[in-house]
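As written, the chain order gives the labels A, B, C, D, E and F, with residue 1 at the start of each chain.
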Amino acid sequence: MSTVHLWTDEEVATNARVSAVFDDIRATRQSDFVNNFWRALANQPDILERTWQNVKSVMAPGALDPLVKELIYIAVSTTNGCSYCVHSHTAAARAKGLTDPQHGELLAVIGMASQTNALVTAMQLEPDPAFLMT
Amino acid sequence: MSTVHLWTDEEVATNARVSAVFDDIRATRQSDFVNNFWRALANQPDILERTWQNVKSVMAPGALDPLVKELIYIAVSTTNGCSYCVHSHTAAARAKGLTDPQHGELLAVIGMASQTNALVTAMQLEPDPAFLMT
Amino acid sequence: MSTVHLWTDEEVATNARVSAVFDDIRATRQSDFVNNFWRALANQPDILERTWQNVKSVMAPGALDPLVKELIYIAVSTTNGCSYCVHSHTAAARAKGLTDPQHGELLAVIGMASQTNALVTAMQLEPDPAFLMT
Amino acid sequence: MSTVHLWTDEEVATNARVSAVFDDIRATRQSDFVNNFWRALANQPDILERTWQNVKSVMAPGALDPLVKELIYIAVSTTNGCSYCVHSHTAAARAKGLTDPQHGELLAVIGMASQTNALVTAMQLEPDPAFLMT
Amino acid sequence: MSTVHLWTDEEVATNARVSAVFDDIRATRQSDFVNNFWRALANQPDILERTWQNVKSVMAPGALDPLVKELIYIAVSTTNGCSYCVHSHTAAARAKGLTDPQHGELLAVIGMASQTNALVTAMQLEPDPAFLMT
Amino acid sequence: MSTVHLWTDEEVATNARVSAVFDDIRATRQSDFVNNFWRALANQPDILERTWQNVKSVMAPGALDPLVKELIYIAVSTTNGCSYCVHSHTAAARAKGLTDPQHGELLAVIGMASQTNALVTAMQLEPDPAFLMT
């Protein structure tokens, strides 16, 4: 149960700004399915428009591959403990070609990083001078 | 200032188990430089051996590219707020060829994921049925 | 399913210390409803008494408005990923007059702060001297 | 020491897109001082422009008071453990009129929320039905 | 609903490496019950073997009592907001003799630490020189 | 550099409420040294009194040993990434008898828990029915 209302397609159709974003989501993703994140943001057209524009721009192909971007998204979402986000971006990564062995290695790196992060913090290490930009 | 002692090369030389790990770190990385993380773990040869074996195995080339693994490591370390780890793995990623445009996109994805994670949690969204494995 | 037992009103009635806290919760909030947080803490009367006294004192009107305090509470609970707390304090904020536009702006600020926090940490920025107290 | 270069005013002057953002920051804040966050983002004009537009829009007066928005920002930054962000937004809040008693109450609410978040998570409480939106 | 398949006993029986780990889990714990964490890791025999070896070694009796190790595990899992982990390690602690008064004190310490952590971060305190190792 | 003023002994002497708390800290700990956490809280006598009373009560011997309580405190502080708190409670644990092998095992458990927490979250496991209280 969410803390905000989730807009149905009928409600979306009544608001021009929200409709425009939903149309662009469907066109960009070449799919009719619009997930609940956008249906929740629809309550605030400003945030909806800004978030969609930013997500669309940030996740587009660029210097990094779209699948790599999804792996980074999963890593952040896992560390933040965002259940919805882990589910949605794991599904997105699979849709972009993530294989089981790649998923296994992603989990291994996330787990290893979490462990060494904790060890470093418990030992309160300061960066080696060699790591600092010159 | 750390909460544990950092071993010098002289101290490492006095302990066969610690020396063996340091030798393997140097051989694997083809560099004489051993950073403070390992000098701190040297206090506990068990953890040192286990951690090095695991890191060596997890970060090796596999289904994912070593540079991609570093990006995932940076994403986790940033979200956990581990300063040492962000520094060390950003340096490692640059050594493996990370370009400035790639770094910029990495930052953009980490920032976007952090934002949408927070929005999702504040709205308490439950995964869309379409995201769940079948 | 919780890791501790949740006390029913019948069980509360059997313990004088727990009853006294529940009576004060009902009197302070002018409502018969006592939520599960207090029913769970009832297992440890010491923690129950201390936590209720502290919450009552901290959330009372003062230099900050009670609604503003709820917004701060939601911000912390969201960042900590505490689902129960986001639900309970969003409900509390609505009961204290939170409007939909205010909720939308709260979400926007939480999202923006989460994003810039991550960017700052990934870039390992040190405070500008101008920010430090003089 | 940051993981990216911080742009000086001289370097900013050489890039039209970066200059435009810095000019708008100075005009909006009516101050010549531009803090390191923007000097770091200058390496990626896309992120710089998008982040400044979003921050400017989100932090502007609206349904919530600008000072209240800073308090929410501090709450998120504290929970995320972002040292730079706590410093910069505490300074910003003071510049917008934050008094010492208000700061004290902000700390008290952040501390209390952090404590009850942890208690709730350790006890794995599920939201009371009364909290769920109807 | 998890993002990976959970192996049934029938599936486990078809894979020698996975079977060997499951046999050792059952022998070590002197119980037929193998929880879902291991059934999920079974998808990646490398991670399964490494994680079980490490958990078995780390959680064994040593300089710290096994029950104390479970309390530390619960503290970390609570702070990370890992629901599954709080449930599984609270159950494990009870199986190792955790009493209700001990559980109550564990909760009190976790709550207090979470509160003072937040206060310290909001006030940006630097370690007293007396705390630093000499 | 902190975001609040740290009270000197001379300033403490001018405020009866603050003085009373500092006297009790010194008497309880049988040491003249009062660390910066209390000097920072002195700005808000209400929070100072409440926090000291709570810490004194929670950390006292009870169903759990004072050293075990410090280990739990370190585990939470590490996971929250609170540098000051890791330093101060590691120093407190050493003063209460923490040995190097115990510290090593504490680190190992914190690291292992952090790793498995992340794996569980990335795989989105739901608690086994056997873990739920009956």
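In this section, a residue touches a chain if its C-beta (ideal position, glycine included) is under 8 Å from a C-beta of that chain, and two chains touch if they have at least 3 such contacts.
Small disclaimer: the values here were computed from a predicted structure and weren't measured.
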If you apply the touch rule, which chains end up adjacent to both chain A and chain E?
B, C, D, F
How many hops, at fewest, get you from chain A to chain D via touching chains?
1
Based on mean C-alpha positions, I'd like to know which chain lies farthest from chain A.
F
Chain centres from averaged Cα atoms put chain C and chain D apart, in whole Å, by 21
At what distance in angstrom does the C-alpha mean of chain E lie from that of chain D?
34
Quick check: how many Å separate the C-alpha centres of chain A and chain C?
27
Which parts of chain C, given as residue numbers and ranges, touch two or more other chains?
1-4, 46-47, 51, 54, 76, 78-83, 86-87, 90, 104, 106-108, 110-119, 121-124, 127, 132
In graph terms, with chains as vertices and touches as edges, which category applies: line, ring, star, complete, or other?
complete
Using the touch definition from the top, list the residues of chain E that touch chain B in their complex.
1-5, 46, 50, 54, 57, 127, 132-133
Chain D partner, complex, touching residues on chain F are 1, 3-4, 43-44, 46-47, 51, 76, 80-82
For chain B, which residues are in contact with chain C within the complex?
74, 78-79, 81, 83, 86-87, 106-107, 110-119, 121-124
Which positions of chain C touch chain A when the two form their complex?
81, 86-87, 90, 100, 103-104, 107-108, 111, 118
Residue set of chain E touching chain F in the complex reads 1-4, 33, 35-37, 40-41, 47, 51, 54-55, 58-59, 62-64, 68-69, 71-73, 75-80, 82-85, 87-91, 99, 101-102, 104-106, 108-110, 112-128, 130-132
